[in-house]
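The same chain A turns up in both complexes below, where it pairs with chain B and then with chain C.
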Partner chain A sequence: MSMTLKVASRNIFRQKKRTFLLAGAIAFGMLVITLINAFTGGLVENIRENIADIFGGHVFITGTEYPEGGQIVRRMKPDDRLDELLAEHAPFISSHTKRSEAYATFIFGSKRTVDTVYGVDFVEENKLLESLVVSKGSFDRVAELNNAIIVTETVGQRLGVEPGETILVKLDTITGQQNVGEFQVEAFVKDQDMFGMSSAYAHRAYLNELLGLDTHEFQNLYLTIHDLSQAEAVARDFRVGLRSDDEIEEEEVEVSVSVAGMPISPQDKKEPIQPWEGTRYRVMGINEIMEPIEQVVGVLDKIALVVFLILLFVTMVGITNTFRMIMIERTREIGTMRAFGMHKKQVKRIFLWEATLVSLLGVVTGLVLSGVLVFILSRIGITKDPAMQMFLTEGRLSFVISKGSLVVNTVLVVVISLIAAYWPAKAAAKLSPMKALGSHT
Partner chain B sequence: MKRIHFVTAVMILILAWSVVGYAQDFAHIEALLDRIEQRSSFENTDFSALVNMIVEDPEKGIEKIVVRQFSRNNGEKFLLLIQEPVANKGQGHLRDGDSLWMYDPSSRKFAHTSLKENFQDSDARNSDFVVESYATSYEIEGYEEGKLGNFAVYIVSLAAQSDNASVPYSKIWITKDTELVLKVEEYSLNRRLMRTNLYPKYAKVGDNLIPVQMIFIDELVAGQKTQMSLSEVSTNDIPDHVFTKAYVERVNR
Partner chain C sequence: MAIVQLENVKKVYSLGKAEVQAVRGVSFSIEKGDFASIVGPSGSGKSTILNLIGCIDQPTEGTVIINGTATEGLKDKALTNLRHQTLGFIFQSFNLIPVLNVYENIEFPLLLGKNKMSKKETREWIEYLVEAVGLKDHIIHKSNELSGGQRQRVAIARALVTKPEIVLADEPTANLDSKTGQSILELMKKMNADLNTTFIFSTHDTSIMDIADHVVRLLDGLVVEDTKAKVKVGS
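And now, the complex of A and B:
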């Protein structure tokens, strides 16, 4: 084997130009697929991190109450079950935040606009202010001013308000009554409204007062997980742990039959929702939010794979033709080697080793080029457009190269090169030493 | 000792008398609110009208909205069909009991809305097309006597009895002699004035007295107000199919 490998290694440097072109074609394909995979990987990671920053976590928990004679309201009260789960999962959770929220009308003089306002504990959520980019005003007095509000640049401009001025915020309480609060604008921040995530931030205590919630109550609980791969497992544990007995009973009753994946319900009529005791929780992991985004990115990856396969197919034809030429060029050489006792298998191996080495050379070159390009591209400030910030980290693209896809792509290139070189190799191995020695080539 | 008993008894009597007196005062206002509600109620007849609205928006300018209103059971069922502006023609607000939908002919879809939502871009709410039941939806917090222009009025402070009421608190000015509501102030849950409604003109329709001119002033947005006037008022029967989604869909096709 070492002899055949040595001969193959020597052969690929005999025709440097030809080797350069073949490896270059493979390198180009490898460069394209690696760059696209790294780009989409980075894109998903950036969106995931940015969404986590905006929402304040990776696992989102909301709670609803529906008391007898009342109406469904979004409210979470201190709950032992919740506290126990938080304590149990403490090693996985780096922080948790409690927020209330309202979709409100912001009014200043004769101007008005609508936006979501989150009630946050600015001391508890110290990372929030770090993640927001101030365009006017400052966060200096936000913590101490009970009715401070941070609004997006767009909302500020729309209202014609300046930091330090007071705006009115009209909203509905959790039970649907109208309420109005006075807020002092402290800062404008760059908005990230690409996914309708434009929002203002105010003190939870004050927003709660307007929403009709007690100071210690909240509407959303966000968990930030140390290791994102654990997010789904943590979400599942909370989902199961927070399920009430009523919900378990209801789920048991809801037996459905499905044919070809389509559920067939025995009851056509929708049952009216019955009031329940306590709080019912809904737990969602960041992966559920990311699912549609990942699907879109997955399509991009698939398109890249198709382009890569087309490139490989063209290269494969090139490899087959090249190796047929090599066979013709080296007929006498093959005859000599066979006359000196080389087996058919060894001749075939030389060709296959040659194909493997050329493809590996192409793969390595492609990866090195990708690495250089990734290094350069990730250091270029792309844009300050707020809508693009969702896809970027600190205004720059980031790339994540998946080890799995690297291995798959490399194996794919090598296998396709071997397949392409197989028939010329087989033909070369079958050559009769006598005829080969008699050849003029 | 006997003297102390006597003083205590007198004090209890005074207290009881004042409590009864206070309750009686409220009973008088409650009866007044009942009469107002009955007089503006169309419980046994249908009601239709052409509603002209002039919306003054400090940013958008003045806009005219014309609406054909069909109502049954005091607005338990109603249909509001937009005639003007042309861009919104065919849009409809249909109420059937607890359900209220808004129909958009461009998307041909019904979307759920609520009585508390503003009607189109005006300062009127969907609930302004329903007979407001001050007597049943609100409880009296207090009242005083006063003047509104030349009119002697009761100024009654009301608090919503449930979250279904249009606003948490309101104050209404009722003329003493004619028992007409001339002005309403609506307050938020934290008692901030949100809207002032003026009812300068009433008309007799059958046995009922209804306001045919209304002015809604947004007290939060400076310069924002809406004038609403009713014409072509009728109490003729309206066919049942008018209060259906199918009718809303096909009426302006």
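And now, the complex of A and C:
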């Protein structure tokens, strides 16, 4: 260990109370920023996971058709391009699910309510039933009963229906006609969707029938990706791979239309949409959905950083004053060291080491305290309010902090401490050995 | 051979608008291996001369030559190196570094520059000094656990650790009782004899200057007696 580091490391324990206060102030700042970063990081992860659970995946594909003389309908048929892409990306995809959906009115006697109903393949989506929490009834007969429906507790209460009873579901077919079907309620599940919005689940084949789709058709394809960091790349590949020839042509036309070198979007012309052949796909990655949420969280992080910087600035003033005091207290000691041949830069280095060590002590203390608080907070059941569930994992807050922000915050603390201690250190180094030795402090 | 040489050295301090002539043209030399004492009452210029010899102050006029090097015009870095390589210091108030123990305090000057000794040699040398100053049983004690006499013994070992040519001691016994002070001077004398290191100490106590083999007596910033030279100056 270098002499300057050894002396500095001993010096920080000379005035324990002072070191405690200084490191404590830094630790508090570190605690605040780490907690906020970890909270927002956890929030994003929870929302991402919950959205993936709700939608059944990380990449969402929908398809629309607009045949000549017809109208735009949401429909996806078995497609070789889709199958090829699924096969090609099999190593990245842990599962894929096909669903149809309808925003429907549920009727039981004189009571009615509205909800989204998903048509799912209960055998294919075996994890879906595992993720739902039954509050009444059971899933025992869901697979075998063609018109079985699982509704949320809220829907059940609104309708005053009991498991085993039959309800009517009124919906619009894909071409806009009204249709009604009978469903047998098999189970109530707890609401767990985004902001309290709930969904019901029925057999896709039966829902398709009501929607006017063939049994093997569907409206949404959800891909669950092994590694979330690959989700965007997979989404991009599907987006490119599923583009039809006329879509590519349209894109080329879009960029070729320009006035004075400025491209003009065809949307500006407000031309009516022309019918197309086959299915046009829209592919969306979970990150696209997360983007606005991450922006809000990013703002939170920035606010936290500003608060942190203000705290650090206040601490910086404290560090400067403390080191000025230290310099005055140790003037004779500095003189002695200089007399024995210590160079100015070595005197400065002792002060800067001391500032570094105090700041690192504060950082470590802050991180340990954050760890303890995170441990406690993540074990407290926050609320049973469905609106909050989106932000939680199993009803609890979770905290995620990136190594990058830890490093940035630590470097920031150390650099600011060094800047704060620099001027007293320089003043100490500039002390004349003779005057310093003549000092009575 | 003169290891310290002062030629017509003057030192003027500014005290507000007034000027104080601390040293008013002093010339003397000290030979290698001398056990020299600079004696005089308060304000006679003893400390100023020790500061000039110790390269922690520069003369207003005249020349100070330390081990063949004139200090005049030297930059801080060169002066610092000269102090580290040639000089050791013993202070009236001991000036030990409180956060370090006895061993570390003695070792401290060695860590400030290039140490030509190996780790083993360094350890043996420090242990020799610790034993020589009689603090073998206090090697891991901090300075606040030692008596005044013990602290000054540590200071003596510290001053000698870099094997300097010259050790300067500014009133080394002033903060000690007479018996302890006497033992400190005897220790310094012994080290002077054992290591052939030149010792220059200042004192205002004429009773302890008998131990010195070279006495420079000052009065009002002038040398009034240089006993080794056996010449009375200014009389």
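Criterion: the second predicted complex is superposed on the first by the 420 of 441 C-alpha atoms of A that agree within 3 Å, B and C clash if a C-alpha of one lies under 4 Å from a C-alpha of the other, contacts with A are read in each partner's own complex, and residues count from 1 in each chain.
Criterion: contacts are C-beta pairs under 8 Å (C-beta built on N, C-alpha and C of every residue); 3 or more make two chains touch, one makes a residue touch a chain.
Everything quoted here is computed from the prediction, not taken from an experiment.
Superpose on chain A as described above, then tell me if chain B and chain C fit or clash.
fit
Draw lines from the C-alpha centre of chain A to the C-alpha centres of chain B and chain C: what angle do they form, to the nearest 10°?
In the superposed model, the angle at chain A is 160 degrees.
First (chain B), second (chain C), both or neither: which does A:Ile107 touch?
first
With both complexes overlaid on chain A, does A:Gln157 touch chain B (first), chain C (second), both or neither?
After superposing on A, A:Gln157 lies clear of both chain B and chain C.
What is the contact status of A:Thr173 with respect to chain B (first) and chain C (second): first, second, both, or neither?
The first partner, chain B, only.
Which partner reaches more residues of chain A, chain B or chain C?
Larger number of chain A residues touched: C.
Per the contact definition in the header, classify A:Gly181: touching chain B only (first), chain C only (second), both, or neither.
Only chain B; A:Gly181 stays clear of chain C.
Give one of first, second, both or neither to describe whether A:Gly341 is in contact with chain B, with chain C, with both, or with none.
A:Gly341 sits against chain C, while chain B stays out of touch.
Regarding the shared-chain residue A:Ser135, is it in contact with chain B (first), chain C (second), both, or neither?
Neither partner.
Pick out the closest CA atoms of chain B and chain C after fitting on chain A and give their distance in Å.
Distance of closest C-alpha approach: 76 Å.
Under the touch definition given earlier, write down the residues of chain A that touch chain C in their complex.
Residue list for chain A touching chain C: 2-3, 6-7, 10-11, 13-14, 332-333, 335-344, 346, 432-434, 437.
Sort out for me which residues of chain A touch chain B in the complex.
71, 107, 109-112, 168, 170, 172-173, 175-181, 209-210, 212
Taking the complex as given, what residues does chain C use to touch chain A?
By the definition above, chain C touches chain A via 51, 54, 56-57, 76-77, 80-81, 83-85, 88-89, 91, 93, 95, 97-100, 104, 108-109, 111-113, 158, 162.
Looking at the complex, which residues from chain B come into contact with chain A?
Going by the criterion above, the answer is residues 58-59, 114, 116, 160, 163-164, 167-168, 188-190, 192, 194, 220-224.
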